[in-house]
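Below you'll find the structure, written out as structure tokens, and then a few comments.
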Amino acid sequence: MKGLLIISALGLLAMLAEIFKVKKIILPLTLLGIIGALIANYFEWNTTMSISYFDNMIVFDRPALAFSGIILCTAFFWFIMANDYFHEDTNVADHYSLVLFALVGALMLTAFKNMTTLFLGVEIMSIPLYVLAASKKGDIKSNEAGFKYLIMGSFASAVLLFGIALIYGATGSFDIAAISNYLAANEGNIPKFFHVGVIFMLIAFCFKVSAAPFHFWAPDVYEGSPTLITALMSTVVKTAAFAAIFKLFMLAFALSSPVWSSILAMIIALSLIISNFTAATQTSVKRMLAYSSISHAAFMLMVVLANVRNNSSLDALIYYSLAYCGGSIIAFATLHVISSNGGDESFTAFNGLSKRSPLLAFFMALAMLSLAGIPVTAGFFGKYFVFTNMIGTPYKWLLIMAVLTSGVGVYYYMKVIIAMYFKSADNETAVEIKMPIKFTIIIAGIVTLLIGIVPGMIAQLFKF
Amino acid sequence: MVVFSRNPVNSVLYLVLTFFCIAGHYLIMNAQFLAVVHIAVYAGAIMVLFLFVIMLMNLNQESEPQKSPLLKLIAGVAGGLFLFVMVGALKGTEQINLTQYGHSDIGLVSNLGKVLFKEFLFPFEIVSVLLLSALVGAIMLGKKEIK
Amino acid sequence: MIKLAALVPLFPLIGFLINGFFGKKISKGLSGTIACISILASFVVSLLIFMELNHADNKSQIVDVFSWINSATLQIPFQFLIDPLSSWFLLIITGIGFLIHVYSTGYMHEDEGYSRFFTYLNLFVFFMILLVIGNNYMITFIGWEGVGLCSYLLIGFWYKNTAYNNAAKKAFIMNRIGDLGFLLGIILIFVTFGSVTYTDIFAKAGTVSTATVTTIALLLFIGAMGKSAQLPLYTWLPDAMAGPTPVSALIHAATMVTAGIFMVVRSNVFYSISDVASETVAIIGVVTALFAATIGLFQNDIKKILAYSTVSQLGLMFLGLGVGAYSSAVFHVTTHAFFKALLFLGAGSVIHAMGGEQDIRKMGGLKDKIKITFITMLIGTIAISGLPPFSGFFSKDEILAHTYEHSKILWLLGMITSMLTAFYMFRLLFLTFYGKFRGTHDQEHHLHESPASMTIPLVVLAALAIVGGALGLPEFWGMENWMSHQLEPVILRPNYSTLHHETEWMLMGLAVASALAIIYFTYLLFMKNGVRPADREDQLKPWQKMIYNKYYVDEIYDALFRKPIDFLSNAFHKFLDVQFIDAIVNGVGKSVTAIGNTVRLLQNGSIGFYLVGMVMGVVLIILLTFLVK
Amino acid sequence: MLAVLLILFPLFCSFILFISKGNSGRTIALAATVIEFVLGLAAFYLFKHNPDSNLLSYNCVWVESLNIHFAIEINALSLLMVLLTTFLLPLIILTTFNKSENHPSNFYALILMMQMALIGVFTANDGFLFYVFWELALIPIYFICLLWGGNNRGVITFKFFVYTLIGSLFMLIGLIYLYNHTNVEGHKSWAVLDLYTAGHSLTATQQGAVFWLIFIAFAIKMPVFPFHTWQPDTYVVAPTQGTMLLSGIMLKMGTFGVIKWLLPVVPLGLQEWGGTAITLSVIGIIYASIIAISQKDFKRLIAYSSIAHVGLISAGILAANQQGIQGGLMQMLAHGVNVVGLFFIADILMRHTGTREIDKLGGIRSMNGNFAVLFLIIVLGAVALPLTNGFVGEFLLINGVYQYSATMAAFAGLTIILGAVYMLRSYQNIMLGEKKDSSLAFGPLHANDKIVLVIICIAIIAFGVYPKPLNDIAEQGTRSIIALMK
Amino acid sequence: MINGISINMYLMLSTILFIIGAVGVMARRNTIILFMCIELMLNAVNLLMVAFSTLHNDSNGQVFVFFIMAVAAAEVAVGLAILSMIYRNIKSIDTDLLTKLKN
């Protein structure tokens, strides 16, 4: 909870800093703040199992803290990485505060206990992102991305609200606990529109994590947005959304799972197919990553699906998020470096990277292997956990499909590696990497490897 | 009419009309305060904002070339289907009268205020963050580039 | 000495290694000497073993060397078995082998691959010894394949000649076909008896069903068909004549090709039990004998004639085996080794004299130019034609007598074969040594008798071909058939003639008379009338042409196996593998791309369309969840 | 501890190589692999004298929550494979001495990494660890093929990579399924023996499913018909050392996997589906042999011959009797050595003549007799002539298959005929006869090449004549597996 | 005053409103109208919320409506800002011109 407050305060401070013309201190301040939030998180972890604030509106229990830990860590590295990007911009403080506000929303999503906080969390997270997506003001692509994101996001919000309204109508409450109690108490006597509401919420969240057929916005927005913002979207936002999904569907609506699980299975299947197949034909790495993020979302949704019968899946979700964030951070950072070194975002820009910057190429390869799920990278364990969870469920066909499509997945990840190591570059000039980015990439790479080699570490870190 | 009118200004006006209707419904349902707020916020603020933008950009012409009829058709069909399935899905709900609790005063300001500042304190506070970020965002985007 | 049986194969192995590693560095003389000495040493040891065994009470002694393959109940030790059969074969192999080695030092003297030749030859002897000396089927099989290898190497000895190489390859592959049968037979033996050791198996052979025994026997016989060039796997042997002549003498006449006979005799227990198998052996034997003999009638290559004659004689031996006359077959193997080696070496001497010419149409009148060769060849020819008192007469007669006992038809066919044999052998003799020289002037000038290293073996073999019959004189002459007594311990049902003496006399007389008649006929034909083989194929009558072309068997095989396999190979590769299976695999990849590209089109950038997509998704979901039950 | 050292030492050297610059790479690599071989021999010695020595196994917790252990053990089965790996690696390194690659250090580093993974695969006693090593082995080889391969390598190695990866993911699912059914005092376990128990407790249908899930991975790796199409292309396109690694050792991962991770796991599944799998294997034998006959490229020919050989191995192993499995083990060793020899021959041909087209070559024997002899010995090993190493395994394999089905054995046995056909045909066309191209020149072999070939030939003959040391271990290993299948 | 009106009526009404909004978003090209349609959808939700609030005699629903309004306002603000920016760049607010990002 304190973490949430600290971040909110940071956002304000960042704005104040601009007023007082002390832009230089924003970054250190932000980083310090995030560390502070993390420390606060840590203490909360050790003190109580569950503290509720404000009439059970928001509760930072251990899963919430775990997810917010991931989000904060990612954000921490993101800020380091984004440093030089911000410097180019005149509205540094605005950017900082917007990102920080989005973080607030994300943190809320991990900890909400009430539909109100859920809804507000979603919006607080989304609105700054709409702006950020469009933040390259002169670039029509960026504008378009922001616009699309906004329209589609609002549409999804409307759907979400409709769902919330229906659920409220059935249960008479916005409280998650109350809803799940209601479900338990009125088994067999639940109005139909409650289920419609659940489905609507599911759809809204599928939109947020860009699962097919609600994924349409993702590739466009990912491509159009500034690379670093895309990184933020695909890591923080996704993790937060999954934290929310976890709470909603694995806890609150668990009992109505017969209604939504088969739908979810179909959504996953569709996502797997569409994302992997389309990613395989992309020429732009950024777009490819967008599609790949859809496929990862599908994998994480599988955990949600599996939870129907298996309660150990929180581990899996957290682990997968972490692995995915690590890989994505590296990938987007590399992309950023390349495009800021005069390249575009296509596969050809990666040609011969191994010669231009062996370090970058190595870590990018690592990230790709991790995203492809090859041992001993973090991504492998992520997939492993998903499989472990899925195997007990009746959706074995989905598992087979996941295996086959991830074979396709390997194809496009490898395409990057091939380009880097096998193709020759047009220009052989060395790629210049700024220190902060180097730092981020190396740390993220080490984490990716480390939790791949010693996954027990994470499991011990988050013991529930 | 909101949807189909060609001129955005007309659209806005039709929308305002719709808002008034909705506000009427609120009144019927004893949500007096909400009805007022509704009119104030939507018709008063948001719609004015819309109009302002329209005027600003000088868009009150029927400049919009129509979408290809095909997409319109598809959109219509999709909407129709949507309606169909929604009706199908929501049908068969038991007929509950809205007045089963008789008259109530939940829609009154005092009551709402209590709820808002007791139970919903945190959301209320956090909405400030939301509005702030929207503010910042809008300003940031609205600012001219200083080059 | 029996304990030292390992020495027998060891010596040739040492010879092989020395020649193999240092062959190029040492002089030709030394190389040849080492090779000969190693075989000689082997021969001496074999002789000692033979003598010792004859005096020993235990006629079947096992010598352990080392343990080879163990797999649970499957124990295959490297073990030697010394019994009358193996010791006798050892003598033949090392004895004849030695003579041929000596002969080769002369014959191959000019060849650049001199030491290589002896390397191979020593290796061959080594494997051949293993083949006969092993105490289980696996050791025999090692030798069996090993000699196949050496045969391959030696046939293709002049490796620059593609035709020779093809012949070598053909020999190896045909042998392998047989080997597969053999191997499966061995495996079935193991599966049935839990062992492959001779002494174990034969003791238990009576305990299993006849059907199994028949299968085993037939599978083993497939192996024998390959190695001993029986129908339908005989075609490699005539081609094998591509190798240097001493090789033909040693491998493709005297020793290796008799491995099949050896193996059947070794396994006589099975054949004695299974009538079906025996019958098959006899029929294939006699058919081969007759078939090959007819082909021999019209051949013009001196070595090819001998090769077909070998096939034919081998068929005769199988006939003997088929009718249960195992010792007679071994007897015939022995005498055949003598006279056929003699004939080949003689032919080699002729070729040597002719400077490499092998076509008898281009020879003639050689008897005065190369006297020793002529005389020894004559002896050999008489021996093979079955005139008393030469060795061939006795062995062949014994087989035919047993056949008569068994079946009159088979006997008749056998008789015809031996008449044909007499015909083509004398044809060979007359055409080569009599009449006028028909070769080129150069060749005539060049004609000379071979060196002593070649003629001495000829003489020795000739002597053996004359007196070899003494090993198995007919019982009814009141003499002891040494051979059959010798082999008694290894044969389940020793087969002693039950015929009346009169019948035997009659058969014998008939054989001699017919042989004489044929020889006279041949004499009339080629000497008196001076008939010469046609120079060109189109001068032949159709039936002659067919025989001349070996009944087109090679062509048939080509059409039946080689071409279809080549075709299949291409078809499998081009169509099934590349265009079907791989295409499916690639197709998966392509379809991924195709689907990807199609799905990409959905992403057309238009918000309205995206929203329609989303709404349709919602519609579908609700439809499926709530309305479709 | 020795076991751990066997895994860690190559990894360590690999890191050194990654860091090292310049041309010292090959020396380091050679030294490393030789030392590794000595370690392998030490393990062999130790195993002979004290099979229960705790130096040979190691077990520590890796991921506690999932009960994943870093459990490795050198037992009879793995010892053979470790010996094979450690024996072949120095040779493979030696084969590179006569050509200059780009970035040699990285090349060697990847090879050593591969060795680490391979030894890991062979020694792992924990299902998860096994899988991890299994996948790890894939990455270095993929890079080796990709970075140092021939024309069109991108697409081809890619197919290989994706193909095998999908297969192994299926295996992962199978393994996880088993894992979910383990129950050791209320906990799940990855230990191999517990997985066996879990497998045995499944119903026949479940076992059938697990059988296929796991078998697919192995079948692709080996490869068994009809999962083989990646293989010829990959073998051709990979650099020689890559091909050697792929065919000499990596392929054995599949066969080894069947022995250790399939047969004892799902006996009922095997009963039900083993026949199908054997049929596929046997079809593969004939099919690949026949295709090999018409191949023009020698390397491709070897590739197809390898499919045929492996088909026999797989058929024998799946027959699941003493002879079959033992023969499989022996043949794995033999095939490893032989195929490395053959591919090296192909490499030498390429280097000396600039082509591998069988039709363009010819008459090399008259130019270099020693080479011809060495080549011939390797060919003989490949056609499984008795007294070469190939024979022992092949005999036992056919024997094993025969016990399963005589008809199958007869078909499988065709390999000895067809093998002779394509091997001799290619040998003849390449080495014998007259030179087909007058410009063809074939000088003397380099010392390194000669050393490698001689060592291979010695191995071929030595283990053909006296296979006992290895055979005894193979027998012991097979016994233990057979016992576990009950 | 509201006797006799069943909740289903409101359910249907707001559904219809919602769908009209949705169709508008799908079919129109004018971005401003797009926003308005979204407002319409949100209003549909509001209506439903209030109806349920009345049904349950629970003021939470009405409070929630406040939040929705706040969010709607925020969205519109941001949306119009983006819109004006786009207009600055391409002098049009036609969605069909916003298809640079595709495939």
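Residue numbering begins at 1 within each chain, and the chains themselves are lettered A, B, C, D and E in the order written.
Here, a contact is a pair of C-beta atoms (placed from the backbone, for glycine too) under 8 Å apart; a residue touches a chain by one contact, two chains touch by 3 or more.
As the structure is a prediction and not an experimental result, all values here were calculated from the model.
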Chains touching both chain B and chain C, listed by label: A, E
Innermost chain, where centres are averages of C-alpha coordinates: D
Chain separated most widely from chain C, comparing mean CA positions: B
Pair of chains joined by the greatest number of C-beta pairs in contact: B-E
Averaged-CA centre spacing for the pair chain D and chain A, given as whole angstrom: 42
Chain A-chain C separation of Cα centroids, rounded to whole Å: 77
Distance between chain centroids, defined by C-alpha means - chain A, chain E (Å): 26
Of all residues in chain B, the ones touching two or more other chains: 67, 71, 74-75, 78-79, 82, 86, 89-90, 93, 119-120, 123, 127, 130, 133-134, 137-139, 141
Residues of chain D touching at least two other chains: 162-163
Touching two or more other chains - residue numbers and ranges from chain E: 7, 11, 21-22, 25-29, 34-35, 51, 53, 55-56, 58, 60, 63, 67, 71, 74-75, 78, 81-83, 85, 96, 98-103
Interchain contacts, given as pairs of chains that touch: A-B, A-C, A-D, A-E, B-C, B-E, C-D, C-E
Contacting residues of chain E [partner chain A, same complex]: 7, 11, 14, 18, 21-22, 25, 31, 34-35, 38, 41-42, 44-45, 48-49, 51-53, 55-56, 58, 60-61, 63-64, 67-68, 71, 74-75, 78-79, 81-83, 85-86, 89-90, 98-103
Residues on chain E engaged by chain C in the complex (per definition of touch): 22, 25-29, 34, 95-96, 98-103
Sites on chain A touched by chain B in the complex: 8, 11-12, 15, 53-55, 57-58, 90-91, 94-95, 97-98, 101-102, 104, 108, 114, 116-117, 120, 123-124, 127-128, 130-132, 134-135, 137-138, 191-193, 196
Chain E partner contacts - residues on chain B that touch it in the complex: 2-3, 8, 11-12, 15, 18-19, 22, 25-26, 28-31, 33-34, 37-38, 41-42, 45-46, 49-50, 53-54, 56-57, 59, 64-67, 71-72, 74-76, 78-79, 82-83, 86-87, 90, 93, 95-101, 104, 106-107, 111-112, 115-116, 119-120, 123, 127, 130-131, 133-135, 137-139, 141-142
Touching residues on chain B, where the partner in the complex is chain A: 86, 89-90, 92-94, 118-123, 126-127, 129-130, 132-134, 136-141, 143, 145-146
